[in-house]
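There are structures below to look over.
One chain, chain A, appears in both complexes that follow, with chain B as partner in the first and chain C in the second.
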Partner chain A sequence: MMRNVLPRLIVLLAMLMPVLAHAENIVVVANPAAGVETLSRNDVINIFLGSFRQLPSGIAALPIDLPPGHPARAEFYRLLVGKNPAEINTYWARLIFSGKTRPPIQAQQVEDAVSMVQGSVGAITYLERSKVSGKLKIVFELAQ
Partner chain B sequence: MHRKANGGNCLSGNCYSDMTTVQPFWRRSILLRAAAQVIGIALVVGLGFVLLTAHLTERFTQESVSQRVRELMTTVESTVQIACFTKDQSLALEVVNGLAKNSEVFGAAVVGGADVLAERRREGATSERLRLAQAGRVSKPIASPFDPSQIVGEIIIDPDPEIIRIRVRENGGFVALLLSLQLLVVVAAVVAVVLLWIVRPIKRMSDKLHVMDARSIEPLAMPPGQENTEIGRLVTDINQLGQRLVASRDEEHHLHLQREIGERKYRAIFENADSGIFVVDQHMVLESCNHAFYRQLGLLRLAERREEISLLGLPWRMPDLLAGLLDRCAVLNRSVSDDFEYVVDGKEVRWFSVTLTPVGDQLIQGQLTDISRHKLAELSAQQEAITDSLTGLLNRNGFLQRIDEEIMACGNEASSGFALLIVDLDGFRRVNESMGLASGDQILSITANRLRSCLKGGDIISRLGNDAFGIILRSTASERAAANVGMRISVALKGFFEVGSTPLQLGASIGITLFPSDGADQETLLRNAEMALDHARVGGSGRYTFFDFTMARNAEHRRKLENDLRFAVRRNELMIHFQPIIDLSLRRMTGAEALVRWKHPEQGLISPDVFIPLAEDTGAIINIGLWIVETVCQQLATWKRQGDDYYISINISARQIPDGLPPITLIETVNRYGVDPASLAIEITESVFMGDSEAAQTWLDAVHELGFRIYLDDFGTGYSSLSYIKRFPVDVLKVDKSFVRDMSEDNSDRALVGAIINMASSLGLTVVAEGVESAHQLELLEKAGCRCVQGYYFSRPVPADEIEAASRHVQQLL
Partner chain C sequence: MTSGVGDWPIQVRVPTSGVLPFQNHQTAPTIVIMMIKKCFGFPRASACLIALLSASAIAAAQDDEAGHPVFSLRGFGTAGLVRSTNGQAEVARDLLQPRGVSNHWSGKIDSNLGIQANYLASEKIEAVVQAVSRYNYKGNFSPELTEALLKYDPNPFLSLRGGRVSTDFFMHGDSRLIGYSQLVARPNIDFYSSLAVSYLDGADAQVTVPVGEGLLRGKGYYGFLTEKLPFAEGNLNLRGSRAIGAYLDYQQGPWQWRGGLARISFKHSMPAPVGDLQSALIGTGVSSAQNAAADLELQGTDARYYSLGVVYDRGPLLVQMMLSRLSYESEVIQDQNSGMFLAGYRIGDIKPFVGYSRAKSSASHVASGLPSTGSSAQINAVLASVLAESHADQHTYSIGLRWDFRRDMAFKFQADAIRGKSDSIYSFRRETSRWDGKTNVFTLALDFVF
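And then the complex of A and B:
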């Protein structure tokens, strides 16, 4: 057991380093009209990774990704499913080439994402906590 | 290898044929058999290997297909994860299509949650293939790409069973091919090796043995390089066997030759044997016989015909006896033999000795020998045994047999009785001695003829011994008839015998006894006849006497006396009396004659005339004589002590000379008593000179030499011959009392006595006259010049203690 514990500890520390650097939680926000108070992590994963895009309220969910390269985007997927952006890209690449499932809509800017959420009932995106403004409903929070 | 069954070119006797039915070709070839067996074994093993290989190949292929399928699954797993997670059918179909392109994959499906996202299966598959494919199905649950713990679907792959089958077939085929090749090589190698090392040498041997002639077995060649192998040993063994075979065959041949020669030899012996040899079976039927058998039994005509002959059917006198012998032979199972009479050609009787020997198998071998000649010889020998060779009459044994036969005949009432006669020639011994044995024999032959002429045809005559003849008058039971014959014989034998030039006259005494009145058995009858004969003889020549029971009683009496006499000395029953002998010139008694007396405990005094002959007959005289010498010497010693110088004369019988009273005993006894031998006189009679005169002379000379004086007793009664007196050392003559008795009346006797006295004195001998009973006789004797006298006139014999009185009485008379 000790043999396994030590590498894991090191990995954990390494992962903590950037968190410590940014030290800001990522939250998932939805349109308040969507009728959703909160989402489970699975709900979030299903919606964002294309498995089940429906909000608990029955409204079709429309996930929106932050622009590629946005730190929050990488941080979100890292916190959500533990994968880096390249891995997420590979995932979607498979689906793009052969499947019907589409990746979330990609916002050009964070603001676009926010406005899309605000403007569409089923839309849903993620932000750094500090970036959350009104008219957005935090339905899930990814702690560092 | 293949050999013609029972080849006709078989030269030797031990050619073996195929005894079993013809076998399949391959079973008769070691090579093919070995090859077939190797192939069979290899096929079985190979098949096993192929099956094993197929099985293993199937297993391995299945394994590898599974492995491959799992690898495929792993390859597509991440994509399938995504497809399942997103339930994206397109992506799933993409994956499934990709999988289906693999040859190993028969069908594939991706299941996401409850839905089948995509499924693909090869077209045109049979249901069997389908079933097999599903049986080999491999499935794997698919986890979410983002949460390994969350199962979001499943991937299913059915491997293609065809591919396994093909693989198995390919591998199996390959292995089978390999094995086949190997088998081929192995079989080839086996065939080559067997052919080269086993079959070829064996075939060579076999071929050679096959044509080999048992009469000239040549050794087999040793196959090269096989010296130490089993084949080599086989060759060596066969060669040795062959040698032994040759040796034993040679030996057998030799034996066979010998046997053949032996057989021929025995055949020749059998055929040329003088004895008849035959073999009969248990039914007494002849199995075989030789020529002599036919010849001896007079069956030569049967020999030609060779027909069945029963041994017992031949003309034996008593076939039952022969049958008995055959039975005995069979039962005892050993050799038996006996003699049988056989009638040759219905007339000639021959004797055959038949010896039977069991030879096993219920056969009896027999031998018959013509013993007729032996039988005749035997009969004549039997005849001879009972015949007197001189006269041709029966001898004693034959006579005894005939007596028995006659007694038996009377027992059977075939005869009422018979008379038994014994005829004895008187004086025959004298003739024999004086004229020689040839003359004696002549007389006996004449006697036999004369006796024959006196008898009837049925009467039996025999020579019992020396001059005694036995006669049986058959059916003559009466005394008168027997007496007539006795008379006839008596007369016949009184006639002169012409022997040489001298006519001789002899007489015959005849004893007659009658059966059954006188005795019931042969022994008694003979004894009776002899007793009667003795009586006849005593009665004088030419007489016949019938047996009567007085004779038997007298004989019995005599026998008893004889018996008692044997113990008389020991029982002190004998005593000696002395009769004085007077010397007329000295006018006194000078000696005495010792006379023995027997006082029988029952019969009183018995006369010496009675018992001395008995003692002489039985030999008791020897002991008595010794006792007399002893007693007389004792008496002489007594008289000597008393101052009397009497001498004593003792009578010595011819029986005592020479061994009954040895001179040494005489001199020892007189010396022991200190007596002068001159005072003991030995009186003998002329009979002493008659027997073995040589021995008598020696004895008398010795006794005389020792100083004893010799008196010749009873002078004048016997053959008184001057030659005896001259030849033997006689000192004194005792003139017999018969002369003295007759002297007083008869002048011639007186002259005879006078002549004897004159002759004696001229020879220097003293004369003692015996039996002087009167003064007149004494006077005459004195006148004749007789020196000594003895007799009742002076004294009868008296005991020793009365001799003094007798002596005094003598003095008074003179």
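And then the complex of A and C:
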């Protein structure tokens, strides 16, 4: 029995490999003038989930979310806190409707998020690693 | 799919060039301020709702460009169907509801609809107005103003709010009406139902400081209550009762611990049935009966709320454990200890959960000292029934699931087995002499946000 299963499993894994390899690392990017070298995972969680929005350099952090439905957005929260979009939505429903914290600013498209980070010193967003261009400082990386 | 409550569905955008929105659009903040004034002035929350809707329609019509959303209008709601298996008592969701549901399907106790407008005056100042329609103490769904506040966040450490603010005497106590924000179909009855207060007119201040690997947060609040709740066939008026409280919260990674204290100083006495009893006790001229009348007085006494909560929330796993103690100076409401445990684990889009909770109150020992004959027998009987009114001694086993079947919507199924003593009646309505304290509650709910 096991002899049959094992090769099949290997074949299945081999088929899945390209899919897995396709998923890119997500990086968190900040404005180079923000004076931040790296952020810890806790820093990134606190900023994007709104519990403490300050960069280690003392500047107020302004998190920017990619558009809803963008694959990197779901990936970012999955890798960061293991939550799917519905769970993140649930989390914000609690805070918004009890008059507490605001969710991150919603970019209309990835380019908008990038230009907001380039144009505002405390702004911070996340991208697929290959989408990072100049004038952005990578401060944290979420490995697949 | 990615979701939407954080997506600012109706939004006005202004250029990011640093120009404050109200310099461009005089009207929007004026409207919000007018709205808040109107809502405080008018007891009828329905007027607010209309003001809110029209104001947002005007504001939303204003021009937009890439930048910060300035004005947003959102909402939440639940369509819930509930029934129990025991026709000898009605299950109420909380102390604010005059009737409950028994052994027939009803949409009454869990269904609600809330609308909220946010106006962002600057990065640091925000106005929030919220109205909710739910089955209330009047026995209807007339909407009430649940939030009307100005929030000022001068820096990441400090957040100040003033106006009508939601309260969280217990952890998550300020989001009890937002079904979509919860894993369960209804906030645990053993734990939350005796927490009558949902908001206060006053102010709160929150300080957040990084400590070690986590965040230490302290919050204090002060204000006056405005709600009413049905008690002993009348309504207890909480309007003008003073509330003060604080909590300390530490969040580290997936863990969150919280301890809280709150105190309410009652401004009013219990409604007429209790007042009549007090008069009758005093009228006897017997000193022990007069002492009993004094023990039943609520006005000028305090209630204290102590709570502890621990939440683990990371990945697919959610675990909550909470303990509370409610202590009343007056003997007219029994002191109560409660605890709850909830664990859920997400598989795909479905998150099944199990829960256990317990509520136990300590019986009041007030005796009239009157003989159990003639007219004093009747006084003794009324006294006994008043003292029994707030008694709870039950535990509940819960099982259910939440299914996030599409964006901004969740379907829930829940079954609760309430196992109590026959004198456990605090969270029930219209219990008969055949009530045995045991019932099963089945709930179907559709929660949504927009």
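General observations
The definition used in the following text is that the second predicted complex is superposed on the first by the 124 of 144 C-alpha atoms of A that agree within 3 Å, B and C clash if a C-alpha of one lies under 4 Å from a C-alpha of the other, contacts with A are read in each partner's own complex, and residues count from 1 in each chain.
Keep this in mind: a contact is a pair of C-beta atoms (placed from the backbone, for glycine too) under 8 Å apart; a residue touches a chain by one contact, two chains touch by 3 or more.
Everything quoted here is computed from the prediction, not taken from an experiment.
Contacts of A:P104 after superposition: chain C is touched, whereas chain B is not reached. In the superposed model, A:M116 lies in contact with chain C only, and not with chain B. In the superposed model, A:S51 lies in contact with both chain B and chain C.
By the document's definition of touching, both partners, chain B and chain C, reach A:R94. After superposition on the shared chain, chain A has more residues touched by C, the comparison being chain B against chain C. On chain A, the surface patch touched by chain B in one complex and by chain C in the other comprises residues 51, 81-83, 91, 94, 98-100. The touching residues of chain C, counted against chain A in their complex, run 1-8, 16, 66, 68-69, 74, 76, 114, 116, 118, 120, 123, 126, 128, 130, 147, 149, 151, 155-157, 159, 161, 165-166, 168, 172, 174-175, 178, 180-182, 208, 210, 213-215, 217, 251, 253-254, 314-316, 346, 349, 404, 407-408, 410, 449. Within the complex, the chain A residues that touch chain C are 42, 46, 51-54, 60-62, 65, 67-70, 73-74, 81-94, 96-100, 102-106, 108, 112, 116, 119-120. Taken together, the chain B residues at the contact with chain A in this complex read 79, 82-83, 85-91, 94, 145-147, 152. The touching residues of chain A, when paired with chain B in their complex, are 45, 49-51, 80-83, 91, 94-95, 98-101.
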